[in-house]
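The following pair of complexes shares a single chain, chain A, combined with chain B in the former and chain C in the latter.
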Partner chain A sequence: MPIRTKALAVLFAALAAMLSLASAARAQTVLLNVSYDPTRELYRDINQAFIADWKAKTGETITLRMSHGGSGAQARSVIDGLDAAVVTLALAPDIDAIANATKKLPADWQTRLPNNSCPYTSTIVFVVRKGNPKTIHDWDDLVKPGIQVVTPNPKTSGGARWNYLAAWGYAQAQSKDDAKARDFIAALFKNVPVLDTGARGATNTFAQRGIGDALIAWENEAFLLLKEFPDKFEIVVPSVTVRAEPPVALVDGNVDAASTRKVAQAYLDFLYSPAAQAIMAKHFYRSFKPEGAAKEDIERFPKVNALGIDAFGGWSAVQATHFADGGVFDQVMKAAHP
Partner chain B sequence: MRDATATRRVAAVTGETPVARAVLIAVAVTFLGIVLIFPIIVVFVEAFRNGFAAFLAAFDDPDARAAIRLTLMVAAIAVPLNLVFGLAASWAIAKFDFRGKNILITLIDLPFSVSPVVSGLVYVLLFGAQGLLGPWLKAHGIQIIFALPGIVLATIFVTFPFVARELIPLMQEQGSGEEEAALSLGAGGLRTFLTITLPNVRWGLLYGVLLCNARAMGEFGAVAVVSGHIRGVTTTMPLHVEILYNEYNFVAAFAVASLLALLALVTLAAKSYLEWRYGGAIASAIPRR
Partner chain C sequence: MAAAIRLRFRRRSAIPGFGLALGYTLFYLSLIVLIPLAALLLKASGLGLRGIFEIATEPRVLAALRLSFGLSLAAAFVDSIFGLVIAWVLMRYRFPGRKLLDAAVDLPFALPTAVAGIALATLYAPNGWLGAVLLSFGIKVAFTPLGIFIALMFVGLPFAVRTVQPLIAEIDREVEEVSATLGASRAQTLRRVILPMLTPAMLTGFALAFARSVSEYGSVIFIAGNLPYVSEIAPLLIVIKLEEYNYAGATGIAAIMLAVSFVTLLAINLLQAWTRRFAHA
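For the complex of A and B:
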């Protein structure tokens, strides 16, 4: 008998704990921002600033929660029911996928906020080990035999798609020929020993496990790496790169169900405020409106020759040609690793 | 005298020279050192790299505390449930004959052979918004995955075999003679269970619960799939370690990892103590898979 009572008591305690957890969450306004991998440090600061700003404006204390991971994987989680109030992902197609699969936000979501819903942009650069021992200066140097290149998997990582497109853009500019560009991409991925699922994983593979001669990375991730490990790495700016646009969006279906539309919208608007734009520049993102940012934060960005997504025919064409099942990336991987 | 012959016979049968034996032992010890002992030492060295204060500071972080709380809560729900399921399943298998018994035994072993990622994924496919039961759950405002219930379910799935697998051989060996005697003397089913069956298997049960608990707290793959990685809400200790590591916060990552390692060491110590103290009673509980 005592055993049965004990088991029942444990069950009840567990149920009570679950219920109290649920009700505690309901007591206060909670917003969940589902984001991509490298924005951890950025949104920690922005969230703090927004919570203070919202409290000053309305007197209400809110809680902001973060979830980080590879952009594609994060979109998948939101599609599977992760309760995101806003999504801040690495590229537009990941948010398109949420809109298509769940109808929780309209198809024209990207027109709802300024600058294609991108409060900041970034670009793709190389990180090499201090002193550049393998003399890597441009994309050509990455396809040489014996060079190891670290970049995440374009199937799961948004950053990796930008990396891939930058390489494609360079190869196209060189040869003006799709078949030759494809050979170039094949040679590049032949030199990739590890395909991590997200940008941060790739950075760790390069920086901490010491694998690879060059890392293809977000500019913000590259600067952060230099800051975390002073005197171990250098940034190399290739002759051609991309203008990466990581967009943000309200997930209407979720905020309406939780009645948090007003504060979630204010959060997204806040991303365009001078305060948030300054924080973005501080964390090495290229602010949309850099006027409010510290001068030295803006000046440290190198000049780049960056192609926009339109140079590749827009995302839907890029997705279909390169990243869909059986697309160029799949063909190249099959050829590189038979 | 008899002992001496026994030793000599053993030596003769295996027949290694002392050198070969020393080499074999050295190989085994080196291997264990490299794959087990050295990494555990590294975890603790890294955790205390910046001193004890920095180590403690890792646990000042509300997210770390939330992760510890969540891990304890998941174990507190999953382990007792698996204790009940495990007892019931092994009781049924060891004491009764019924159709489909072999299928049940196979099913119990399933979590051992299925990748934890798959165990997590089946719950996403079942309870996710696009899943089989997703729309119904949503209509009733019930959140399973990306919340505590999903993490508990995934943990139960992964840890299910531990208790049952300890008990089945033990119960089978003991047979049902004592229970039959108790029943023929007029004891009811529950009384027979509480006074005969349970005491007979108590050490094997405890052993299974310890292993089950260690795995429940340490599970990464299955939980990662259903967690949604909401910081401070659905990140268990293993997930929190990964987050900290990915944020270049190594001391904190290894501090939390050392807590997990400590837990494993305590489990190991408890297991060894049980074996030493109740060696005879437990001997038959050591699984023969």
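For the complex of A and C:
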């Protein structure tokens, strides 16, 4: 008997300890930022800065949790109930999908923060092998026979949609003709030997597996690659590219339920502060307000001729025309494999 | 021997509690298997038979289904043959390192499939150890259907080995010796005595490896190349539909896969029953 009593006492003590730990954790404010794949390093630095900033201002210690994954998959998690305080995704349509499906944020969410709710933008560039052995300088060079191009599947990767749009924008500017632009896209994807599901996967295929002559990639991803393999690759800036705008938004329904609206809003505002803008530039993202950033971080960005999403008629038109079931991308792939 | 096996299958249970056990079985099966599958079918039923038929006959879906099921059958077939050989060697011979080899068979079970996929892709890529050699013979493995086939063989192998292993352990050596003393040649012993005893288990292994391969996503995605109509597997097409927020389309393909798998597994089961009868007739 005494042994059993003792065991029970230990059990209760353990339970009590767990409960008190749990309640201590609850007392602290926890924010969940649901983001897309390549932003891990970026938000690790930003979160650290924000936690220090918030503590200095209010004396309150908060915890920031991150969730990373493909932008579309992340949006679906939030739709299915992941209690994100803020979402920082690759494409506006993914946040639109959350707004439409859950009504947890208003349809006009993108007007609530400066620069279409994009604290930074990025662009699309080519990465080629050192010395540029296949002399790739512009989009035209990618559709030549015998050239292999690595880009992820626009169906599963947000970054790949920007790649696709940049190619489309170039072809459109050249021919002013949709049918010719479509042929250009067909020729481009004919040269793609591997369609990875995400941007990081495509980078690996190109860099680690040695597949392809050119990689179409996020600018930040390209810089990261050069940093990791200093003497193996070069960046090529095409004559036309896109201004990719990864937006951020407060998920009102979730922050109101957890009464964390104030700090979550402060977190998003902080993304526009000089400190955070400098961190973004450091991680190769083009800050919205580069004044606060280190000069050498800004200077390394090449000048680009970048089209915004409006040049393509806005996201809903782009989705419906190009990426929806049976859209231009599907048609092009179908035509290539009768 | 035959009588013993028949006894094992036909014997009435001496243990009470049939009602309780059956109730528990039904409850557990419903909770874990039937309810999720019913939810899937319910979601797919929103499409109607016509909608499902349209999805099923879409050329791209057809290509993906053909690839997934064709390669899974092929991989399961090769796995069953080599699985039998491996199991035989592991059970019948004593050699140093046997225990290690035996344990290694289970590794494809334990390894996260994504890790397996990345390892295989690294190995078979044009700049990988094996890939470079094979490429010099003009054979491309990674990022082609052949790569998918290899990944599927990898994940299916443990099923093929583990299902026949216990049966091999049960076969007495005397059976072979009797067969030999009665004048059978070695080939005859193998064909008329050993294989009939193992066929039902081999079919089980085949079915399990096949089922595993059809549903495989993680390891295939890294080595497939994922080109529509060429190396795009059906599970990837489901993920693509989800990325389009097309839940109905995704469940439609899933329902089709489920139906084809069910029919295939049923056929294998019937075949198994037939071989069992054949073996002991």
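A few comments on the model shown:
Methods note: the second predicted complex is superposed on the first by the 310 of 338 C-alpha atoms of A that agree within 3 Å, B and C clash if a C-alpha of one lies under 4 Å from a C-alpha of the other, contacts with A are read in each partner's own complex, and residues count from 1 in each chain.
The rule we apply is simple: a contact is a pair of C-beta atoms (placed from the backbone, for glycine too) under 8 Å apart; a residue touches a chain by one contact, two chains touch by 3 or more.
What you see is a predicted model; the values in this text were computed from it and never measured.
Shared-chain residue A:G201: touches chain B and chain C both.
Once the two complexes are overlaid on the shared chain, A:D325 sits against chain C while remaining clear of chain B. Of the two partner chains, chain C is the only one that A:N153 touches; chain B does not reach it.
Applying the stated contact rule after C-alpha superposition, one finds that A:Q174 touches neither chain B nor chain C.
By the touch criterion stated above, A:E41 is placed in contact with chain B alone, chain C being left untouched.
Within the superposed three-chain model, A:N115 lies out of touch with both chain B and chain C [touch as defined at top].
Touch criterion not met for A:N305: it reaches neither chain B nor chain C. Touch criterion met: A:K334 reaches chain C, while chain B stays clear of it.
By the touch criterion defined above, A:G81 reaches chain B but does not reach chain C.
In the superposition on chain A, the residues of chain A contacting both chain B and chain C are 201. Across the complex, chain C meets chain A through its residues 59-60, 63, 121-122, 125-128, 142-143, 221-222, 225-230, 236, 239-246, 249. Interface residues of chain A, counted against chain B in their complex, comprise 1, 3, 7, 10-11, 13-14, 17-18, 21, 25, 32, 37, 40-41, 65-69, 77, 79-83, 101-102, 200-201, 204, 228. Touching chain A in their complex are the following residues of chain B: 73, 76-77, 80-81, 83-84, 124, 128-131, 134, 138, 143, 145-146, 148-149, 190, 194, 198, 228-233, 243, 245-248. Interface residues of chain A, counted against chain C in their complex, comprise 70, 72-73, 76, 97, 153, 155-156, 192-197, 201, 208-211, 323-325, 330, 333-334, 336-337.
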